[in-house]
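In what follows, chain A forms one complex with chain B and a second complex with chain C.
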Partner chain A sequence: MNSLDAKSRLYGLMSFLVIVIFLAGVYGLLTDVLRLPNAVLFPGWQKIIPAFGLSFKQLLEGLASSMGLLAPAVAASVLTGVAAGVIIGLRPKIEAVLLPFIRAMNPLPSTMLIPYAIAVMPTFWFSSWIIIYIGVLWPVLMNTLHGIAMLEPRWIDNARCLNLTGRHLVFKVVLPGAMPQIFAGINAGLIRSFLLLTVAEMIGSKAGLGYFVQYYADFAKYDRVIVGMIWLSFIVVLIMTLFDLLKKRILYWTKKR
Partner chain B sequence: MTDTQRYITVDDVSFGYEANQLTLDSISLIIGRGEFVAVIGPSGCGKSTLLRLLAGLVEPTRGKLTVDGQPICGPGLDRAVVFQDYSLFPWMTCRDNIVLALEQAKLGANKTERRQIALDFLSLVGLAQDGDKLPGQLSGGMRQRTAIARALAINAPILLMDEPFGALDEITRARQQDLLLDLWQGGQGDEKAGKTVFFVTHDVEEAVILGDRVMVMGTRPGRLVRDIQVTLPRPRTRMGSLQHPNFSPLRDLLLNELNLVVDELLLPGSSHGAHI
Partner chain C sequence: MKKLAAWPILSALVCLLAVQAEAQPLKLGRNQGGTQTLPILAINEKYFQEQGLDVELVMFLGTSDGINALNAGKIDVGLSFGTGSPLTFAAEGAPIVIIAGNLAGGHPIITKPENASKFKSVNDFKGKVVGTPRLYTADVVFRGAVFRAGLKPGADFELIEFRRTIDVLEAVKSGKIDVGIGSSSITAGAIEAGLAIPLWSNDLFAYHPCCRIITTKEVLEKRRPELVKLIRGLLLAEKKFDQDPEAAVKANEEDLKIDENLSRTLTLDPHIQLAVDPNTKGVVTMWDYMKESQYITSDADPKTFIDTSLYKEALDDLKKQQPDDPFWTILEKRFQDWN
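Let's turn to the complex of A and B:
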């Protein structure tokens, strides 16, 4: 059972690598060999690979800087989003009042708030931080509310029959029961955080992966831009994979057999 | 009647889920301490609703329910509830489900002791090896045994069971009935351990095999139509009861009552095919 699982996962990884290598090959053929597309916009591997070597230190520093912004912002969104979700979600009357507001906020790009963020927050770092924080907060909050609203009535009946209240009710029933939906919210929030990173890093700061890509794009150095994008994608895939592993661990009980 | 004979009372209780709806219509019922009452009736007649009223999960629109002289206001750990196939939290192991219930009932001095009690009750229902499994990893029958183990572990004097074996296959159901008979009869005679059971089922044979009394409910609105004493000797086994000469007449009587109830719903003259 487990070995089969590992086997199929290995198979998936291998297929993925084959496809990546194939696509890289096609790209190399079009650019390095046939020189078909515009060489400035589509530099070949001959230019990209040296650019990677030249940028390596910058990429690592950029990664550290980006994670230093992303991790605290996402962590804060998740903590406050879930906490607020539980507090509001267990009070249907309050939820009914707040839900339209929360729904309205969710699709608004938090980047619109940049001028306000710069004016209100003490430093540029905090301005960037709050743009990501707000962007991630809504999907987490909305999904937590949704998860609580969708708790199976039988779990609630059970909790009531066992006289579960307060802290016990929240940590033994409400949170575990809503956890699949909460994870869906964090997933959506994470994806949004990567999109916001580029924009957030343009505020005052001179570091980060988003900044790296944007900086070289402004100078039309597309070999560096592509290096930055490949690196960023790699980091995103890595983070999402780790997130999936965490999800599997915490949602162990939803596993289908 | 003495007070022990009036352990649970339902006094002229009506209930509707919506304002001008009558789901249950003036139900009156008295259950003695240590009695095993089975309730049958066609689907949708309000059996679960009556059980939810007794559990305190819903409040009556009219009338009064009491346990041991005290009005029922809200759920309580004096009444252990076993629902059909969903009494456990799927994210906790079977043992942890029971440990949580023990914690709530303030039984066992510490975690270690509660875990031990949980294991003891799992052994009692033949699941000594399965405490660390999640409910989702067990068969329906094993899940229900775990739910029964939990209900027994918190040592509530009253068991409310809503079609606990309804989703099980025939053979498994037969075994669970014998197990329940064993466990329940084992406690009877002992003033403290003897439990009062309110058992909802849609299976006439199950009602006769288990119950001291069988209540027949009618539908639209939900009401009690008959209250029949089961004249089978205790202690019982499933097989022993099936073979007892009183069994068939009781079953036929109940089937007949149910047919009458169902017929009222159908067009006149279509007394056949009344299925429960």
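Let's turn to the complex of A and C:
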């Protein structure tokens, strides 16, 4: 598939906006005009729009708080996940021993980790941090291992013929070769981190994007819950778009695919 | 001869099928962390079946999910969604109606044994780090009690919110908070972990209402006779518990899949009062507590969310059936006192 030109991108964006406006219109028709669904769970735009204004300060505080938690947790997961993936992936014997453990840890439900996180970590902030860290670590690690396993054997052979070993082999051949798969892992990890925010911010939080949605859901204030979900979706789209730009810049050789 | 012998069996089967066909299905929502001794005892003793009901229990992980299912018509009745959550939904305009009760009191306030002597009254929370599970009944009771004692969260003590009581338990065990507001579901775990229970929610608000039996206005309108039958079954369970508490221990043991000793500790906890009475006065006080702690901003009259007539009708029916039984007279007196 060729990369999109500016005109196609603009067309895509416009189409997306038309779909969003259409869906918002259908929702407004069902709730504000026809008043069809359960009014508590499905508040109309007449309630949601004022709730956005009332919550704006809280949403900004939530964004700052969540990013303060998310950024260090995701960064730590990516660094350790990629480093561990390279170390394990280049040693098939170690990989054979550890892979079953990694696969077993991956699907553990995050809510089950909360009591352990509270008991083991020094503060509530670190308890929330570790929930996101662990959740993002597995997709990054698994994809790094996968990326290394998928490397063309002749690349490694050729590199070794050129006397490339150790960190030179890792940084000049292994990492660039596995990079598309590593980015796929980071992509999956980033999405997972947003899902985990709601779980992580259950632990002694006073602000946050996940906290906001969960807090108002407890109080049946679904106008604010929908505001929180729209805000969270907007932030996710923004961050994922920035991530795609970064990916394209780093993986410049994949641009034409 | 064989054919003749087969007739009574066939007739019995037909009668059984006829009874089952007549039985009214009723879906009852329950919360994983809630206490459901009376409904479970009523099922075990077949009281609902005798009343012509075919009940199905539906489990939810959180009270909000259960109440949303009730609002969406997926279940007919909520058994153990607390008092605070139903009142919150009602305040937001959901057509929730409290028709009876389930239990009162019984939530532990937990701390490490070395701190136990520091907590003798609500004033002792001053200067401490307190963990509380947001919107649980014990949380509402605690916030109301500290408000009335003139203490302010943030200024007089640090308040850390959690979404689950199990996390409050872990926070106390790890020493990250001085004291935790618990729920009856973690009492056994707290004792097992060697924690102390210096106070109970009852000490802050004597026999405060906890899980209320709730339904919606629509179900109440369409299925009132079945709801009265449900309350009759629960009242019979309350009587059974009064006369033979061991039957409830056995029922909980089977339902919760726990050993007999743990079931006895949970079921016969003297701080829990099992009562089907809707307790209007207690619910109104809980509403006031929620307003004082700014959980609710609505100016609605909480009595409009309570309908005691079904309970009264069920109690009157049982009194008529067993006029000489003093138990129903005691419950009548309690109804007058609490409503």
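The working rule: the second predicted complex is superposed on the first by the 252 of 257 C-alpha atoms of A that agree within 3 Å, B and C clash if a C-alpha of one lies under 4 Å from a C-alpha of the other, contacts with A are read in each partner's own complex, and residues count from 1 in each chain.
Heads up, the rule we're going with is that a contact is a pair of C-beta atoms (placed from the backbone, for glycine too) under 8 Å apart; a residue touches a chain by one contact, two chains touch by 3 or more.
Just so it is clear, the model here is predicted, and its values are computed rather than measured.
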>> In the superposed model built on chain A, check whether chain B and chain C fit or clash.
In response: fit
>> Contact-wise, after the overlay, does A:192 reach chain B, chain C, both or neither (first, second, both, neither)?
In response: neither
>> With both complexes superposed on chain A, which partner does A:155 reach: first (chain B), second (chain C), both or neither?
In response: first
>> Looking at A:163, would you say it contacts chain B, chain C, both, or neither? Reply first, second, both or neither.
In response: first
>> In the superposition on the shared chain, how near does any CA atom of chain B get to one of chain C? Answer in angstrom.
In response: 49
> Across the complex, what residues on chain C touch chain A?
Replying inline: 64, 67-68, 71-72, 85, 88-89, 91-94, 131, 134-135, 160-164, 166-167, 169-171, 173-174, 176, 295
> If you look only at chain A, which of its residues touch chain B in the complex?
Replying inline: 152, 154-155, 157-158, 160-164, 168, 172-173, 176-177, 179, 252-255, 257
> Along chain A, where are the residues that touch chain C in the complex?
Replying inline: 38-41, 114-115, 118-119, 123-124, 202-206, 214-215, 217-222
>> Under the definition above, what is the set of chain B residues touching chain A in their complex?
In response: 55, 57, 74-77, 79-81, 83, 86-92, 100-101, 104, 134, 136-137
